[in-house]
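Have a look at these structures, which come just after this line.
Same chain, two partners: chain A is paired with chain B first, then with chain C.
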Partner chain A sequence: MTAPLKDITPAERARSTSFYEASARTRLDLLLDAGSFVEFIGPEQREVSPHLKIFDLPEQFDDGIVVGRGRLDGAPVFVAAQEGRFMGGAFGEVHGAKLTGLLRAARQVASIPVLILFDTGGVRLQEANAGELAIAEIMRAVMEARAAGVKIIGLIGGRSGCYGGGGLIAGCCSALAVSEPGRIAVSGPEVIETNRGVEEFDSRDRALVWRTMGGKHRRLLGAADVFVDDNVQDFREAALELLGLVGPFGLDSLKAEQERLADRLRRYGACFDAVDIWTAEGIAHAETVPELPADQFIALADRIGRTSRDAR
Partner chain B sequence: MTLDDILTALFPDGHEVRNDKGVLLGTATLRSGDSMLVLGVADRTALGVDEAIRLSGHVLRSIGRDSGPILVLVDSDSQRMSKRDELLGLNEFLAHLAKVLIHADMNGRPTIGLLYGHSAAGALLATGLATRVLVGLPGADPAVMDLPSMAKVTKLSMEALEEKAKSTPVFAPGLSNLTQMGAVHLTWSHAAPLADQLEALLADMPAARDGRDALGKARGGRLKAAEIAERVRDLALQAR
Partner chain C sequence: MEDLRFQHRVRARAGGTRQSAIVGVVASGNLEVLVERVLPDAECALDIKTAAIGFGEVWTAVIGDFVERYSPGGLRFSINDGGARPDTVSLRLAQAVRSIAENGQ
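So, the complex of A and B:
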């Protein structure tokens, strides 16, 4: 960056900042209206994991998640951002409890939406039981908040992707925006390879990882409603767009989701690779999808890709 | 106890629960004469997209048609670890199952999970941990993550992990550790009829509010979760 900061608008800064490369704090700083973010239990409180010292591992003063409130285009939002560079953004006891508390408040308030900036490998294995249970509590809290009318938007595009229980929480959100590096899955590539062998999944085959779990495939499947380029401003605009689109949650949403997922199994259950699914979706030269630039892919996805609107 | 033994002991007045390749679907009759919807995973079957969609469909078909509580029996592997399941969006299928169970519980169909064998990771999140009350049977052996996967991810040796697992409840597999965390509410005994213990639980179900963090604190397993969640909640409410 050559120009002095004062000459750059916040939107320009957000547009030129990679979501993937940015820290959780930078993402929030640029995603929300300038200067609007207020953190709850910030790092100065030093609420660290009580468990990492058992493994002689370093702690972090925010336990790898930043939660608070801010404004988006003037309207209040609750926000949580995971830091994928600390323990892979994994859910531990303190980390998870911060998000649970935020969601419980959102349920009580009922009128303020929640943005969750996922960046996680799933359960933090050094405190696996506490992390797993934290995820179960977050899923419950998400659904209770949604039942109370709260819109919960997941933004996925970080280094650690959105794996394990993070993928299940994402599946509970009202809507998701994803960028190409925003992988969403339950079992990570290494875990599948360890358990099932390299013939089942070669975790070093990066192209395979991206097209099986990456943002483009999730958008085309309808798992994510919006695909964005990898910059913070696009995520901000996607969050605003989704907040305008999300409808009420109820039994009908779950019935529609049942039909949506059953339909996916009927259509694509026999496909061996993502390229087969994209071809079955009617995309010509589906093998070129991974190379498409974001704008061309978005045009394609808007024409062909499914959505999960009112069906999740 | 085999699954058949457990079902017979739980429902002496009869049940129609079928085990189709590890997917349990059916209904059972309670002593009161009311019916209980039953679903679950048996025979240490992995929970993949094909299993999850049948389980969620079973619950959704029952909502609005039936009344009464719901029992989720669990003796599963972890989520199915495969290219196909992830390609098709396993996270959505598992989340959907959990959402359906949570929705039912919040809307007059109280849910009970019964962990009678193994379970792990995403399979446990989508089944037992998505119920209001999770009960363990003696001998159940849940493990959030298996040790080989843990070793790979943590880059610790199996020996080091096994050594730490002996003294560390917060990550070690096992029913007692999950009980101490507040994940498992209670463990039933084989000394008394299971039907009596089920009836006693149904007669005294806790409120639908999630109290697992408080339970974990009271049992000394999770000392921070409840306090942190409460502090964030209070700060967020004040900030309005």
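So, the complex of A and C:
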């Protein structure tokens, strides 16, 4: 007999729940302190997309994103979680406006951090112009909130990864945590193959996709600050760790980030494959990195080094 | 898209104190069910928007069975369907009743 659910502590339940498999709502329930989540513009308000009915496509009552506030280890946080299974978690007009509004509220309050649980293929092309505008508005709102002193942490580990405009927004955050199935990029595998040919990038080569865009590579490149195992509790602990580590934001940190990226391009710009980059970073037997279990990879990544704290 | 609406008289009020709950996701072969406690105790209503056109008879059977089994008095169900199979619909409806039967907001 398995124990009844109520005998399991929230931390145990979060530890045994795959972030990748969970819905946006389950992720928030288990990431935040138990029972602390309060939703803004919940599904009962039916703020659905004004565009999808034109295409005879089904709507979702929350337009694929859950926003609100809650508590993390007792401290207040604003949160947004994309539902990657509804239209690939893509940004439409309402979906984007909910995140923009949350970030503007965070800027006004100035003292409460924001967690964004990305799970998106990018812009929802049925509402392309509104979606593209939403990306621009969100990027501006992220930078304005950071300039007001708000810490913005991105958590990436969902089935749709973090692509397109989502990748751009993630690049604007104070810090990112990523798991192995979480992928971060702008152009996705199919987009690259369509535009540049299968010789450039074979989107059906899953190993190639994962070692080019997957969480391990993003951690080793310094794009993500923390690598976590695929469960909600590890993401919760990573969010707490990053909230403690993020430094002040201003022109100096942007200049340091520019220098870090220029240096990365100088060192690895000529590399043909991610394995070449890992080898250049001094990792012995770099070809084995994709097979490493999470704990061994985290130990390796910690030895290789971290993103400089004065950048981003 | 096809819109369907069902209204039933039911034996008893649904348990619990929550005012609303939501289960499921609108995805291929899946659906979301938003349930709200907004009707008189002896009534229930279901509003369905479905991407699969022409399955009214199947919905009638699935919902008749659900209402008989759970007696969801006082509840209005709003469904966005991405072409779920009847067993998935039954499961989500049962989950929705269980969610709103919890105590709380």
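The rule is simple: the second predicted complex is superposed on the first by the 308 of 312 C-alpha atoms of A that agree within 3 Å, B and C clash if a C-alpha of one lies under 4 Å from a C-alpha of the other, contacts with A are read in each partner's own complex, and residues count from 1 in each chain.
Rule of thumb we're sticking to: a residue touches a chain if its C-beta (ideal position, glycine included) is under 8 Å from a C-beta of that chain, and two chains touch if they have at least 3 such contacts.
Just so it is clear, the model here is predicted, and its values are computed rather than measured.
S.K.: Sticking to the clash and touch definitions up top, decide whether chain B and chain C on chain A clash or fit.
M.R.: These partners fit in the superposed model.
S.K.: Taking the superposition on A as described, I'd like to know which of chain B and chain C A:V77 touches: first, second, both or neither.
M.R.: neither
S.K.: For A:V186, is the partner it touches chain B (first), chain C (second), both, or none of the two (neither)?
M.R.: first
S.K.: Taking the superposition on A as described, I'd like to know which of chain B and chain C A:L155 touches: first, second, both or neither.
M.R.: After superposing on A, A:L155 lies clear of both chain B and chain C.
S.K.: Which partner does A:F86 reach: the first (chain B), the second (chain C), both, or neither?
M.R.: second
S.K.: Is A:E44 touching anything from chain B or chain C once the two structures are fitted on A? First, second, both or neither.
M.R.: A:E44: touches chain C, not chain B.
S.K.: Any idea whether chain B or chain C touches more of chain A?
M.R.: Greater contact footprint in residues on chain A: B.
S.K.: Which of the two partners, first being chain B and second being chain C, lies in contact with A:V178: first, second, both, or neither?
M.R.: Neither chain B nor chain C is touched by A:V178.
S.K.: Where does A:E200 make contact in the superposed view: on chain B (first), on chain C (second), on both, or on neither?
M.R.: first
S.K.: So if I take every C-alpha atom in chain B and every one in chain C after superposing, what is the smallest distance between them in Å?
M.R.: 14
S.K.: Common interface residues of chain A with chain B and chain C?
M.R.: none
S.K.: Which part of chain A faces chain B closely enough to touch in the complex?
M.R.: Within the complex, chain A contacts chain B at residues 38, 40-41, 47, 50-51, 54-55, 67, 69, 76, 78, 93-94, 96-98, 100-102, 104-106, 108-109, 112, 121, 123, 125-137, 139-141, 143-144, 147, 164-165, 167-172, 184-187, 190-192, 194-196, 200-201, 212-213, 217-218, 221, 223, 251, 254-255, 257-258, 261-262, 264-265, 268-269, 271-274, 277, 312.
S.K.: In the complex of these two chains, what residues of chain A are touching chain C?
M.R.: Counting only chain A, the residues touching chain C are 23, 25, 42-44, 46, 53, 56-62, 83, 85-86.
S.K.: How about chain C: which of its residues touch chain A in the complex?
M.R.: Touch list, chain C to chain A: 1, 20, 22, 25-27, 30, 32, 34, 36, 49-51, 78, 80-82.
S.K.: Which residues of chain B touch chain A in the complex?
M.R.: Residues in contact with chain A: 49-50, 53, 56-57, 60, 63-64, 79, 81-96, 98-100, 102-103, 106-107, 121-122, 124-126, 129-130, 144-146, 148-150, 152-154, 156, 164, 168-172, 177-178, 181-183, 210, 212-213, 216, 221-237, 239-240.
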